[in-house]
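Okay, so chain A shows up in both of these, paired with chain B first and chain C after.
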Partner chain A sequence: MSDAGAPTWRLPPRWVLLVAVLSIVAAEVGGGAMARFKVELTRWARDGMLARPGVHGLVGVRDVDERILDEALVKFDAGLRLFHMHAEGMGLVIIATSMVAATVIQRAAARRAIIALLTVGGAGYPVGYLAWSALIPAYGLERSKAIAEWLVWVPFGTATIVALWGLVGCVAWTMLARRRA
Partner chain B sequence: MLALGETAGAAMSRLKPEIERYAAGRVAANPGAHGFSGSAEYDDEVRERAVFTAEAGLSFFHLHGEGVGLVLFFASSLVAAVVPGRRARAALYALLTFGGLFPIGYVVYGAAVLELGRDAGVELAERWILAPLGLAAIAGLVGLAFALARPRV
Partner chain C sequence: MSSRTIVAPALLAALVALSAPARAHHVGSYVPRDNAVTTNFKQVKFSVQAQKFDVALKLFDEGPLRAEMRAHAAALPADLEEGTRAALAAGDGREVERRLMVFFAALSRDLALEADRQLARPGVSADAQIATGRKFLEAIWRYYNLVDFAVATRDNKASVAMRLAFDEADGYVKPAAGGAAPANPENLRKPLQRIAQVLSSLIESSAPPSSSTPPRRNS
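Entry: the complex of A and B
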């Protein structure tokens, strides 16, 4: 920083940066694969759904079934898109917020805990969208969403939110302590 | 802003029925603002459009909260690193921080749509919140671009 006496940014541990970059790489690969293999992915999902008509409520009437299949395929595609978007975004969020935590939080235990939660939560959360998409053909829309929600989105999302508000508290505390000193 | 954006995303997902119910309730409480005609079919369509717009406001808040938070973080780091002169830095920090509040405009957007009607609510949020805050962010980023483009001595 240019201000005299102001601290410079501290880097978080190397593994945190690696996880963040891997998340961005996975997002890029996911985005590329979505575009390149759109037809193959759609065919795979459609075949999976047709193989389990009971799960998806298919009745054997073309007009009805096509509507159900279309809706499920839109959700399947949305899950892949949301994975792409969230993995890119959360990779950047991990880098930015873990730098703030590494720079601002003085207590080692608190710093380690918040950085770990930010990294694990941030990298894990987008995987839920991938899991949701992958599970739709086998489990149907609602069940796959519930599985992704309780196994991935709730735990990893909660970790991120708790860590971010903890970081907000630490930054505010540091500002107050500096003003008092 | 990142924390608010994350929390809004979680709320959107976990509290979707409650948010929809609240939004529909607010629309019903302001029939004049939404131009209800008394025809159930027409009024239902108006209600659905208003609730959808309010939900879109929350969704934009989630998206922009995360994105603008990151832009603010990286841009202000660049200002600290490359802009000479305390006053110039302070001005750019102020513009970027003011611009960093831009996503709040979408919360106002969602709430105003429910209270004032779709068109009036969107107009209010765009004119009085989103435009000034967005212009501040743009001015801050343009100032940073000028600082980066200046030849170094």
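Entry: the complex of A and C
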């Protein structure tokens, strides 16, 4: 078996690598800040919720309200954790998939479009979790989720999914073309 | 008909289909946790069940359960807190259970009364009232559920009446299926009032010390 016909792995453009590494850096900084400022963050979120009882459906009875606040704080914390995990993971996904795209896709326009979608979608999607957490105290669980969904998760998630399917198609096309040749 | 007029809608449809998974992101799940009072109750209860009355007494003396009893003293039968402490010191498990049952029944009753009061407020939308009712019912059940077994073994009529009233109230706060009109909040007030009545009767009938009398069964 020979490697003579195998393509050489190509690096994606530098700006793509920069965005991917920045995403990982943001994830690490976010994770560290979450642990370091856990009390302050929780207090900020709790104060924000108590300042808007109507938004969160607080009824003024501690036995009822404590569960509502607890759920919102758990979700606030979950949003920060999910940002940390997704930003870390998507940074690596951007590097891996854009490298595949740079190596496999021959047509320059298609390659540039797929790499751009993978990078923008991959780096933008995790920010939705950060936005969701930040919006919970002001807008409540459901409304903040809807805002993050339509402003961040759906557009950036769609960009990533479309780019990944495009990449799948390109890889499959390359395989078929090689077989024909 | 040009190829663009076919390709553009097809691409748009593909985009819409592809964007569907982007909405199905993971946002974590929430499992309601015990609060300080219910946690302390469970600690005391399990210590009593294990016949570790010294441990139970220490947990009661230092825990939020006793503080909560003191905070609600005005709405509770006289000497409930001191009597609970005395029963723990005497190693009387049944009396401890009875007094804690009375305490949580009183907390549940007060929540039912407050829910009824809030639902009677004018100028609040039906949806908001239903949401408020749902939250109160969750809180009522969280407390009552802790002592339901103790209630059932002493006064199973009260236990059944409480469950029936709760189920009825719960039915009114469930989301309307198939676009049906939301339940009338006025309907929700009746089972809440019944919950308060049942628990008030239970508290009254359980108030005098009865450690020497056998448990009452109604059926």
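Keep this in mind: the second predicted complex is superposed on the first by the 178 of 181 C-alpha atoms of A that agree within 3 Å, B and C clash if a C-alpha of one lies under 4 Å from a C-alpha of the other, contacts with A are read in each partner's own complex, and residues count from 1 in each chain.
Everything that follows uses one rule, which is that contacts are C-beta pairs under 8 Å (C-beta built on N, C-alpha and C of every residue); 3 or more make two chains touch, one makes a residue touch a chain.
All of these numbers come straight from a predicted model, not from anything done at the bench.
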Looking at the overlay, does A:142 come into contact with chain B only (first), chain C only (second), both, or neither?
neither
For A:59 in the superposed arrangement: first (chain B), second (chain C), both or neither?
second
Should A:67 be classified as contacting the first partner (chain B), the second (chain C), both, or neither?
second
Please work out whether A:161 is in contact with chain B alone, chain C alone, both, or neither, and reply first, second, both or neither.
both
Quick check for you: in the superposed arrangement, does A:75 touch first (chain B), second (chain C), both or neither?
second
For A:9, decide between first (touching chain B), second (touching chain C), both and neither.
first
First (chain B), second (chain C), both or neither: which does A:153 touch?
both
Tell me the contact category for A:89 with respect to chain B and chain C: first, second, both or neither.
first
Chain B and chain C contact sites that coincide on chain A, given as residue numbers
149, 153, 157-158, 160-161, 165
Chain A partner contacts - residues on chain C that touch it in the complex
15, 18-19, 21-23, 25-28, 30, 32-33, 35, 107, 111, 114, 118, 128, 131-132, 135-136, 138-139, 142-143
Residue positions on chain A within touch of chain C in the complex are 57, 59, 61, 63-64, 66-68, 70-71, 74-75, 78-79, 81-82, 128, 132, 145, 149, 153-154, 156-158, 160-162, 165
Where on chain B does chain A make contact in their complex?
2-3, 6-7, 9-10, 13, 66-67, 69-70, 73-74, 77, 80-84, 86, 89
Within the complex, chain B is touched by chain A residues 1-3, 6, 9, 89, 92-93, 96-97, 100, 149, 153, 157-158, 160-161, 164-165, 167-168
